[in-house]
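In the two complexes that follow, subunit A is the common piece, with subunit B as its partner first and subunit C second.
Entry: the complex of A and B
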C-alpha cells in the first residue's frame, strides 16, 4: 500500500471519528454547564432526582423486559421450527420480520388504535393493563427484525436438526428440546437480541406517546421542550444505556462458554 | 419371533422410492450392519426404525410391539450420529445423564449410571469437560455412552466412525463391538465402509437401490455373494467370462460371468487348482506382508494377492507367469 493510500485511509478514519464524536463531546460539555461558570453534574442530579424520570424510566425498563420475554417466546420457537421443518418458508418469515423497518411506527399504532379501541371487539385501549399489553406487543413488533436475525444467526451456529434428533432419541419432547437444548445453545444470540430490544424500547417515542403511556421516550421529548440543560444530560444518559447494551452484547459473545461448540 | 422385525418397509419422497419392500429380522443382541453406497436407502431404513421418518408402508416391531406411528421419544432407542451431536452447553456428564434426567431418574442413580458409562467408554475422569474440549474420538465415545445410559432396547449407529481419522476408526469400531457384546444390546450399524461392516458384524445387509440385495454373515457375503452388486461392492473382485464352450482356462465351468477374489488366484501351478492360465505381470505393489500383482490374462486384467516371503522376491513387470485357480473359488455372478 502506498504512503498516500495509507494517509487517505487514516484521514477518512479520523474524519469519521470527528464527525461522530465532536457533536457528542459538545452535547456532553453543554450538559455539564448547568451551573454558571463551572463544570458540574447539576443537570444530571436534577434529572436523576426528578420523580418523573424515575417513574418513566422504571416503566420503560419493565416494558422492555416484558417485550424481551414476549419476543423470545415468539421468535425462538418460530426460528427453530422454520429452520428444522420449514426451510422453504425462511425467505417469507424473514420478509415478514423486516416489515417493521418499512412500516413506520405511527402506522402501526394507528392500526392498533383502530383495531383495539373501546368500541372494537377487543377493547384493549379501554384499560391501563390492556394498553400496556398493546404497547408491549407494539414494541415486540418493532424489535422483531433485530430479535429474529440475532436468534436465526445463533441457530446457524449449531446443528439444529441433529441436536433435535439426538434429544428426541433420548426421550425428550418438543418443550424439553427447546428449553434444555436449543435455547441454552443460542443464549448469546438471544441476549444480543434482548439488549437491542432494550435499547429500542428505552428510547421509543411514537407508540408510547400515541397510546398515552408514561414511558421514557415521551418524558425525554417533554423535558426537551421545557428545559435547557436537562435534555442534554438525558441524551448522554440514553447514549450511555445504548452503549452499555452494545458492550454487553460484545461481552456475552466473547465470554460465551461454548462458542467453539462441537458441530 | 425375532426381537426387531422390519416387514415390507417402503419409503417414498415424492415420486422417489428410496426404500423398496425391505424386510429384516434381527435377533436380540445381534449386531447387524446395513452396508451400501450413498443413496441406497440404508440411512432411511435406520431413521424409520428411530422414528425420524415414517414409512410409506410396512411395519417395524420391537419386542413384538409395532412402533410405526410412535414418536422417536416414545421408542426407547439409543442413537449415535455421524456428527456426534453432543449438546454443546452440557458437560460430558451432563450429556451422558441427559436421557436419564428426561426419564425423571433420581440424581444419585443418574450419577452412578454416568460414572458407570464413563468407565465403560474409558473416559472416567472427563465428566466435567465440555464437548469442545474433547477430540473427535472422545466425543463419539461420549455420544455412545449417552445413547446407552438410558438402557435402550435397540442401539442405532448412523455412520458413527465416518468423521474420524483412520487409526481412531479402527480402535473405536473394536471398542463399539466390545461394548455391544458386553451389554448384549441389539444394534443396527449403518456404514458404506465394507471393511468396517465385515470386521464387526454378526450379519450384514448389503443394500442397493433401496432393496436388501443380500443378507448374510460377513463370511457368506464375502465368499458367496448372491448378486453381481454384492460381489462387486464387498471386497476386490476379478471377473472372468466363460468362452462360447462354457470354459475358463480350458476347464468346463458353464455359461456366464464368474468372479474370483484376489487371494483365490495363486501364483504358479498349485496342486488341487483345476484352472491354470498363462499370464504376464503388469504391475507389482509391495504392501508389506502382502504383495498385490496385476496380471494380463487373455486380454483381461486381474489382481492377485500373495504373501510376502523374504526368500522369494516378486516377479518383475513383464515377466511371464502362470496363475492357478480352484473351481471351488469361482463365484458365479448373478443379477
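Entry: the complex of A and C
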C-alpha cells in the first residue's frame, strides 16, 4: 500500500464521515438554540408538551405496531409455506415482495385513493377506520421487502420440513406448528424485520399525508413551516428512534448468534 | 391389494399462498394497474395515447428533466464517494476495524431519509445553519452570495440526497470489493502491470456491472423520494414527485388522466432503472461470488 493510496483512503473516509456527522451536529446544535444566547432544552420541552405531538406520535406508534402484526401474519405463513411445499415458487414470491421498491410509494397511494374512494366497490376511504386500515396495509406493502427477506433468511437457518413433520406426528395442526414451532425459531429474524418496519413507519410522510391521517411525519412537515426550533428538536428525536431500531437489530442478531453457538 | 382405490387429491398446496396473494392483489397490484390503465384512458374510459402525449405540455417536461438531473447527479456523486470510502476500508488504506462500524452506520443513514433529513440539512446549510455561520464568521464567505449555493435549489437537494445515497452505495459495493481476489492482483503484478493498469484492465471491468447497476438503483432511489423534497423546498423546486403530490391533493393539472400518465411515467423510470440493476447484478455475479 503506497503512501499516496493511504492518503487518498484517509481523505475519502474523513470526507465521508464529515458528510455524515456535520449535518447531525448542525441539527442537534440548532435544536438546542431555542433560548437566546444559551444552549438549552427549551425546544424539546415545548415539543414534548405539545398535545398535537403526543397525539400524532401515539398514532404513528400504534400504526407501526399494527403494521408489524399484519406483516408477521402475512409474511411468516407465506414464507414458511413456500419453503415447505412450493420451493419452485420462491423466486416468484420473492420478486413480488421486491415490487414495492420499484413502484414509488406516492404511486401506490395514488392508486389507493382512486380505487377505494367513497363511490367504489370497497369504499375504504369513506370512514376513519377504513382509511386507517388502508394506511396500515400501505405500510405493510412498504415494509414487505424488508420483512420477507428477514423472515426468509431466518427460515433458511432451521430445518423447516423436519420440524413440521415432528410437530405433525405429535398431532399439531397448522396454527400450532406456525405459532409454537416455526415462529419461536425465527423470532430474531422477525424482530429484525419488525424494528426496521417500526423505523420506516414512525416518520413516514407520503402515505399519511395523502390519506390525510394525523401521523407524526405530516405533523413534522407542518410545524416545519410554522415554528422555528421545534421541528429540529423533533428531527433529533426521529433520528434517535431510527438509531435505536438499528441498534436493536444488531443486538437481536448478535443475541441469536450466541444461542446458536451454545447449542 | 389392487382393489384399494387410488385416491387422487386435487393439488391444493396453492391455497396456502391465498392470504398473501389476496393481500398483494388488493394493495399493490390492483392500485398500480388502476393507475397504469388510467394513463391510457380518456375521461369516458376509451383507449387513448393522448395522456402520454399531454405529458409534453406545460411544466411537466421541465419537472421530469430536473428530477432526472437531480437523481443522476446524486447517484453519480453517491457512487463516486461511496466507492472511495468502501475501497478505503476494504483495501487497508485505513485500519480495518473501521469497516464494521461504518457498515452499521451506513445501514442507519441509508434509512434516514424523509422529513427529518431535510431539517438536518436546513440546520447545517440553511441561512442560519452551522456551516453557513461557520464560513461567514471565520472566513467571511457567504454561501449564497459568494458560492451561489442555496439549499432550496438543484444542488441543495442533490447534496441532501447524498446523505442516504453514499451509505447505500457503501452497503452494496463493499461486498463486491471484498469479492475481488488477491490472486488477480498478484497475477497482474507478476505479469508486470502497474497499479493503474491493474485497476483499468482487471478490477474496473469486473466491477463495472456492479457499479453501473448500483448507479441505476441509486437513481431510482432518488427519483421516488418525496418527503425530503417537500419538507426541504415546499413547492420551490418543481420535481416530479412534488408535482404529482400536488396533483393528488387537488388536481392542479385539471385533468385526472394526465395525473395517471405522470404517475405511469414515474413507474416507467424507476422500473427501467431497477431492471437495469437486476440484470447487471446477475452479470456481476459471474465473477463475484
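List of remarks:
The working rule: the second predicted complex is superposed on the first by the 243 of 263 C-alpha atoms of A that agree within 3 Å, B and C clash if a C-alpha of one lies under 4 Å from a C-alpha of the other, contacts with A are read in each partner's own complex, and residues count from 1 in each chain.
Going forward, a contact is a pair of C-beta atoms (placed from the backbone, for glycine too) under 8 Å apart; a residue touches a chain by one contact, two chains touch by 3 or more.
All of these numbers come straight from a predicted model, not from anything done at the bench.
In the superposed model, A:128 makes contact with neither subunit B nor subunit C. Of the two partner chains placed by the overlay, only subunit C lies in contact with A:210; subunit B stays clear of it.
When the two complexes are overlaid on their common chain A, residue A:69 makes contact with neither subunit B nor subunit C. By the touch criterion defined above, A:103 reaches subunit C but does not reach subunit B. In the superposition on chain A, contact of A:172 is made with subunit B only, not with subunit C. Comparing subunit B with subunit C, the partner in contact with more residues of subunit A is C. Applying the stated contact rule after C-alpha superposition, one finds that A:246 touches subunit C and leaves subunit B untouched. Shared-chain residue A:18: touches no atom of subunit B or subunit C.
Contacts of subunit A with subunit B, set against its contacts with subunit C after fitting on chain A, share not one residue.
Listed in rising order, the residues of subunit B touching subunit A in the complex are 50-52, 71-73, 76-79, 81, 83-89, 98-99, 102-103, 130-132, 134, 139, 143, 146-147, 150, 156.
Looking at the complex, you find that subunit C touches subunit A at residues 13-14, 16-17, 19-20, 23-24, 26-28, 30-35, 38, 81-82, 84-85, 87-89, 91-94, 98, 104-105, 107-109, 111-112, 114-125, 128-131, 162-163, 166-167, 195, 220, 223-224, 226-227, 230-231, 234, 241, 244-245, 248-249, 259-260, 263, 266-267, 270-271, 274. Touching subunit C in their complex are the following residues of subunit A: 1-2, 5-6, 8-10, 12-13, 15-16, 19-20, 22-27, 29-31, 73-75, 77-78, 81-82, 85-86, 89, 93, 96, 99-115, 137-138, 140-141, 196, 199-200, 203-206, 209-210, 217, 220-221, 224-225, 231-232, 234-235, 238-239, 242-243, 246, 250. Interface of subunit A with subunit B (complex): residues 158-159, 162-163, 165-173, 176, 180-181, 184-185, 187, 257-258, 260-263.
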